[in-house]
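Naming follows writing order (A, B and C), and every chain is counted from residue 1.
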Amino acid sequence: MFQISLGAKRYDVIVIGGGPAGATAALYAARAGLATLVIDKGLTAGALGTTGNIVNYPGVPGPISGAELVRRIREQAASFGAEFVNDRALRAELAGPDKKIWGGQGVYTGRAVIIATGALGRTQHIPGEERLLGRGVSYCATCDGAFFRERQVAVAGNNDEAAEEALTLTRFASTVHFLSPTPVLQASPHLAGELRSHPRVVFYPAARLREIIGTERVEMVRFTSEGKEQTIPVEGVFIYLQGNLPITDFLEGQLPTSEGGCLLVDEHFQTAIPGVFAAGDVLCRHLKQAVIAAAEGAQAAMAVDRYLHGREKLRPDWSK
Amino acid sequence: MLELHLTAPERESPASGPEAGETGLYDLIVLGGGPAGLTAAIYAGRARLKTLVLTGYLPGGQPANTDVVENFPAFPDGVAGPELARLFLQQARRFGARLETDEAVRVDFSTRPFAIHTHKATYQGRTVIVATGVVPRRLGVPGEDRFFGRGVSSCATCDGFFYRDRDVVVVGGGDSALAEGIFLTRFARQVTIVHRRDELRATKIYQERAFANPKIRFLLSTVVEEILGDQTVNGVRVRNVKTGESRIVETDGVFIYVGMEPRTELFVGQLELNEQGYVVSDRRQRTNVPGVFVAGDVQDPLYRQIVVAAGSGAIAAMEAEKFLGEYPDVSNQPGSKAL
Amino acid sequence: MPLISQEIANQVKDYFADLTGRVRLIMFTQEFECEFCAETRQLVEEIARLSDKVEAEVYNFVTDREKANELGVDKIPAIAVIGAQDYGVRFYGIPAGYEFSSLIQAIRTVSAGRPELLSPEGVQRLARIGSPVHIQVFVTPTCPYCPQAVVLAHQMAVASPMVRADMVEATEFPHLAIKYQVMGVPRTVINEKTHIEGAAPESLVLAKLEEALAGSRA
């Protein structure tokens, strides 16, 4: 279902984030005939990815896992022609008629953007993380992995994204020390299996990263794993931990946010920049529920349709 | 296997007043049993609010009348409208909501607990969610009322069968008109879509499908002036709005899909309504009356999607729960108000 | 090949769990020239297996003509839902689609022997009826509004010995659809002449019923 998209094409709309908001937006946009691309980190990268038993999504008696619910919405979007790329947004240029999103695997261009990145972001609070960013601390293995050929690196995280990035690093690094905050990985079984059995990976369960140590560059990491504190020498630290803040770092301040870091939109889900919309948990408008996020995604997509076609009134897309 | 729909049998209708506990008071009464109202009931049930849903005569709402729903997220192969309606109803029941196929005829939001009067009984709610939806707009032309049910209809899925190998006219230019027109080609010999503008409002996907269908033809820039017939419909008089020319189009049936009107007659003078009659609400689905919330198409003239209605129902229920947490006491003792 | 899926069968069993009185589904069919007879028969037999309070009896419309006359059955497929008495509850045509619910509801009501879904006022008004009333509710299986009209009519039949009510599946009886000019469903026809469009509330149907009788007395 997922096609690798290398960004040569100019899309009508790029959706950043493929959770219920983003996938529903993609469903509506694709069905309206818009060339749609979804940039997404993977089924378990978002809030629903780790939710087990959903029974209150209307129309789906369940229990259904969050990942399966999102998978179905994505399949539906893909059936109308939406394309998906497994990547993450690192940078964006949003002003003007052509919006550009830089990912780890390429640059994507679109006439409109819907930001549906959710709220699993974190503040940088590990001592040393901010200071050593770019000097051993990174959030992107595909970008920076090559700098660590035959070196030791650490990866902190526990989902599909972290696992995939760690596996990418095994192509370069001599050893990948995988620090999972949970005892068991919350990634898809085949990824978890591949990771755990890789000869270059050392797995530390229930590991909490305490400090990143180094003067000019990263030299060591200090962490506890299953209660025991350890310090190991590494030259790179790749961080994929999750928090509970709206993910807007890739915007680099181009859009105003509330005090809580939430994106601000008008009643049609448009941000301060024309052609840039947002939906879902990244808006922190309501309690986090899949159906609410989906509803916002649908509305944002319909607003994008209007924006792109310059129509005065929204055209409701009735299935009736 | 035969296609069978089973909605749970109705419980006994109350002799006077509701059965909910001794006080006969509900935490939440939902007016309307479409996707908005039922999602509200699901969320209210999960929050353990004692909930009553007055579904009216079409439990499940507009989806129950819809052939196929392609864009409700989580159904990659689409879903039959009636099936989706059944799933919503079943889920609401499973979470403990009481569903009645009854309809409010009068409401009183002036004091709490709010009073909801139906044909059969009076119910009281500490909070209310208005989710009464919309109804098909009529054309308002001569013959329309006279022939309603005898050649004039607003429900292709209900009545399409009667036009097997006959000719029908569909009035409207939006997604509904085209989708239902396409549906009617399963039965009808010819479907003529009549629309007053010179271009259709419908989204591309429906226009493409309609244009590709050999049984469908279009009369654009055309309005229906009168529906003609004897015992049943045999034609429509139409006028081209550009040339002014009038003529008669022979037809056996007329299906009207010219938009919807909000069902808000009951709330005039009690809830703030906008110019078109939709209930005014804020982002938290609150109305001008504290404790009365609104969800679904009745407050949404713009989007009108099942998922959008469902989302607003979830928000309304969570806001009702929050409201009850902040204002648990009702101003009157139940039963002391004249019913 | 069963007509009722396991999921629905389980639900029906639940709904039948509290049945009190015995119910007979008396079905009339014939060997040929009846499009839905075989399926209706199978449906009735499968339903009867879901409760030991429900029995199916199948008769031949041609050879069991006397039985048909006794029950006033004039077309097939026909189902008469009989409890402690014959309340005049009939289904003509296959009760599939949405009408399946109407049949399950009819079984429950006939088993209870009282019109549990009517208001007390409605029951009183029906008690005052002194002349025969024949209600025919035209439906199609895909009409979601229709069961309300059917269920209401059957409630009235149970409420009053003067009233008998039929569900008539319009697609199987096109000559009747033409006779009563049914082009939209549900259509309720009372005593041949009085018509109601759509699923009307109890009070309106009662008013039309009384009107139909007043008219015939004039």
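Basically, a residue touches a chain if its C-beta (ideal position, glycine included) is under 8 Å from a C-beta of that chain, and two chains touch if they have at least 3 such contacts.
Treat the numbers as computed from the prediction; the structure is a model and nothing was measured.
Chain contacts in this assembly form an open path, with each chain touching only its neighbours along a single line. Taking each chain's centre as the mean of its C-alpha atoms, the one that lies farthest from the centre of subunit A is C. Computed centre separation for the pair subunit A/subunit C is 57 angstrom, with centres defined by C-alpha atoms.
Each chain gets one centre point, the mean of its Cα atoms, and the points for subunit A and subunit B are 37 Å apart. Mean C-alpha position of subunit B lies 27 Å from that of subunit C. Looking at subunit B, residues 65 sit in touch with two or more other chains. Touching subunit C in their complex are the following residues of subunit B: 1-10, 12-13, 15, 57-58, 60, 64-65, 82, 85, 101, 103, 119-120, 148-153, 155, 157-159, 161-163, 231-233, 253. Those residues of subunit C lying in contact with subunit B across their complex are 1-5, 8, 11-12, 15, 39, 43, 96-98, 100-101, 104-105, 108, 116-120, 140-148, 151, 170-171, 177, 181-185, 187, 197-199, 201-203.
The residues of subunit B lying in touch with subunit A in their complex are 35, 38-39, 42-43, 46, 62, 65-77, 79, 81, 84, 87-88, 90-91, 94-95, 174-176, 179-180, 201-205, 283, 302-308, 310-315, 318. Only residues 20, 23-24, 27-28, 31-33, 56-61, 69, 72-73, 75-76, 79, 267, 285-287, 289, 291-292, 294-299, 302, 305, 314-320 of subunit A touch subunit B when the two sit together in their complex.
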